[in-house]
Amino acid sequence: MIDPVLETHNLTKSFGAVQASKNITLDLRAGEIHALIGPNGAGKSTLIKQICGGLTPDAGRVVLNGEDITHLSTPDRARKGLGRTFQISALAMEDSVLQNALLGALGAHGSPFRFFAPAARNRELRARAEDALEQVGLIDYRNVRTSELSHGQRRQLEVAIALTLTPKAFVMDEPMAGLGAEGSNTLTQFLDGLRKQAPILLVEHDMDAVFALADRISVLVYGEVIATGTVDHIRNDPAVRTAYLGEDA
Amino acid sequence: MSRETALNAVMVMGLFLVPLWALWADEPFIITLTTKAAILALAGVGLNIALGLGGLVSLGHAAFFGLGGYAMGILASHAQSYAPIMETPFLIEGTKSMPVIWVIAIITSGLAALAIGALSLRTTGVYFIMITLAFGQMLYFFSISWPAYGGEDGLSIYVRNGFPGLNTLDPIQFYAIVFVILMAVLVFAGRLAKSPFGLALNAARQSPERVETVGITSYKLRLIAFTISGMITGLAGALFADLNRFVSPTMFSWQTSGEIMVFIIIGGVGRLFGPVVGAVLFILLEHLLGGLSDYWHVYLGVLLLLIVLFARGGLIGTLAGKEISHD
Amino acid sequence: MSLILLAEQLLNGLQLGVMLFLMAAGLTLVFGVMGLINLAHGSLYMIGAFAAAAVAGVTGSFVLALAAALCAAAAAGALVEILIIRRLYHRDHLDQVLATFALILIFSEGTRWIFGSFPLFLNIPTYLSGPVTLPGGIQYPLYRLTLIAIGLAIAGGLFLLISRTRLGIQIRAGENDREMIAALGVDISKLYTIVFALGAALAGLAGALVGAIQSVQVGMGEPVLILAFVVIVIGGIGSIKGALIGAILVGLTDTMGGVLLPALFKTFMEPSTAASAGSALASMLIYILMACVLIIRPTGLFGAKA
């Protein structure tokens, strides 16, 4: 049995009377893509916030590489090696693509508390930033203002920033959202190769992408994981079919 | 060379040449006006680090301007009266030396900015605007009701403080000091904007969650930016006090905070030379319109309103357009 | 210190508090409903005071003066809202701060242009002047008691307006969900103008009422404006209840601090040092109060959680 890179143990979170997370136990193992699916309002965003920072669970633990990170701040978790992408692009829109990528390199491998030498002239940071842009295919856009990128390119930049962190695990919140068929295909291929660098916890609505990529799938319904297993296992799970896939299948 | 760079070069040349011309034409008043513009520009450059780069709308920077001013006033008044500031537990005496005064002004305003920032940055948006305003008012009322240093009447210093090797009473020599400081701070602010710190701060303004998810604590960034910003504005306050040889609670007033902010807006938010353009234009307007009408603030108000409503990006934005800087 | 003096100061604090409430109510409504930070609210206070002083000077009637204050401030508010303010709702706070700062410059200098730099005086009408004797033998000016009564009555009226009337429902809807209120078929721009004018009228009334115990002059609005900011920050921006409680808290703190602190300091200091240190600290007290509230609750006592 491979030791999991990222685990949650019995995560529980309530907002007033609403239980958004009920005893959620998940793990993400080296080299895999673990997809998390579920209908809107199932509590996916709440779960991501508890994993990546921003929400503290009422009970339960989040563990990264054997270390309890449940009560760390978002930046501390990022420095421990959690690379996150957002559902709605969170980018510095007025800055260039390279500046956005540099920011990631800076946070994880440099220090933002240097006040004089230009960031873009720092060879190491620049190399990391450009390498990440190269990987996602944005290197030719490095000097473009981020607000001028297409929606798909912004999604790629999100991933590139996460790459600059050289994280131990990725948590991606609907990276395919709003992409056309072609964009999803490209990104799917890219993520397929990425799992060798670090495993990915993938929250996604695009079922084609999920079935193409996922090694394992967990289904979240009303704050509860109702099933975890391989793609075939999930496709054929009666509980999943009634609770969730039933609408589509 | 981009248009903005060209515009900046013109500003530097202007600030360099106009006082020299005034010296040649024997117009000391113009030198003094330029000195005033340069000092106010310096205060604006300070605020612009918090406001333009960090997106921190501080309506309380008069606090730091005033602290810098009073640092000068208190030190010089003690030196003037040969009464030490304190004797126990150790002796602290006043001073008439500009460099010493500057260092103390910077330290004082920096510490104040650190404390005010640490509290205010717990809030955001409109709360931040109001809490910084309130801290400014707190010092304003304190300076009025504390009688030791003149209270409401302020404090006069009879002779301008000294700088080794220069005669500071000569307007052009005092201007030279101010010019060099302004240029040095502009170089620093320009480098800061492109440094790792500037990059991160700039991004934190646009997307705080982005910065946090790459491992940077935005509160820390903002606090440091606010502190640096306060230190520079404090230095400007000390110079302003030396220009007038007078400090009063007006330096702490919220109109002062508003005016420093106005320089930035007239020139262009986040532009390196925004506050310089703004302060020069402000002084020019004050001088020209003030001569035409006692009510020149009406025109200033209308101008400001037009800029906010129709010319976002200020004068530099209008003239140079949006450009992205690489490297 | 005698109990009578203490009771008098309590009443003074209450009076300051209710007048601050009149200012703060408009500010907090405008912020809550339209998301606008309005520095020019103090100018509306000043306009009310000047209108009252001018009308009282001509007619001699205090009631007419108050009516003039209400009308002038409401009209000025509506006008400014239609011409300028409504362009600012979708702007960021910085633009709002600057544009309304510009409005202050225009209003202040404009008023100086019309009325000159000398203060005007608004006299308390004879039927409201002089002291009354309260239970316990406290002599207290009738006019200030009237201010407290008017302030509390308006506070009550405002709560009724917001909780019981159609306009109130629209205002509350506007605070919670701007899209919903458009969906309900409410004419938003009209609602915004009404809310702004209502806030302006309250500020103008406060200016006129306070103008009779202070002098009426340019710049009178800004110190009150800043106190009103402190009030709504303490109370929580957008909350009328917060504004009322914040206003009374600030009024009492400011007034009682000014009396009690020097007295307190005298118990362990030299009288002259105690007086100056006490009053210096007292002048900062409400800001210290505000800082403390924000450290504990960064969005004020009754503010929505961020």
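Each chain carries a letter (A, B and C) given by its place in the written order, and its residues are counted from 1.
Just so it is clear, contacts are C-beta pairs under 8 Å (C-beta built on N, C-alpha and C of every residue); 3 or more make two chains touch, one makes a residue touch a chain.
For clarity, every value in this text was computed on a predicted model and none was experimentally measured.
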- Longest centre-to-centre distance from chain C, chain (CA-based): A
- Item | Most central chain, judged by mean C-alpha position against the global CA mean | B
- Message: Measuring centre to centre with CA averages, how many angstrom lie between chain A and chain C?
- Response: 49
- Using mean CA coordinates as chain centres, what's the chain B-chain C distance in Å? 31
- Just how far, in Å, is the C-alpha centre of chain B from the one of chain A? 43
- Item | Residues on chain A engaged by chain B in the complex (per definition of touch) | 52-54, 73-76, 78-79, 84, 86, 90-96, 98-100, 102-104, 106-108, 110-122, 125, 143, 145, 161, 164-165
- Message: If we count contacts the way the header does, which residues on chain B are in touch with chain A in the complex?
- Response: 188, 191-192, 194-203, 206-207, 209-217, 220-221, 224, 324, 326-327
- Interface with chain C, chain B side, in the complex: residues 51, 57, 59, 119, 122-127, 129-131, 133-135, 137-138, 141-142, 144-148, 254-255, 258, 261-262, 265, 269, 295-298, 300-302, 304-305, 308-309, 312
- Which residues of chain C touch chain B in their complex? 31, 37, 84, 87, 91, 93-95, 97-99, 101-106, 108-110, 112-113, 222, 226, 229-230, 232-233, 237, 276, 279-280, 282-284, 287-288, 290-291, 294-295, 298-300, 306
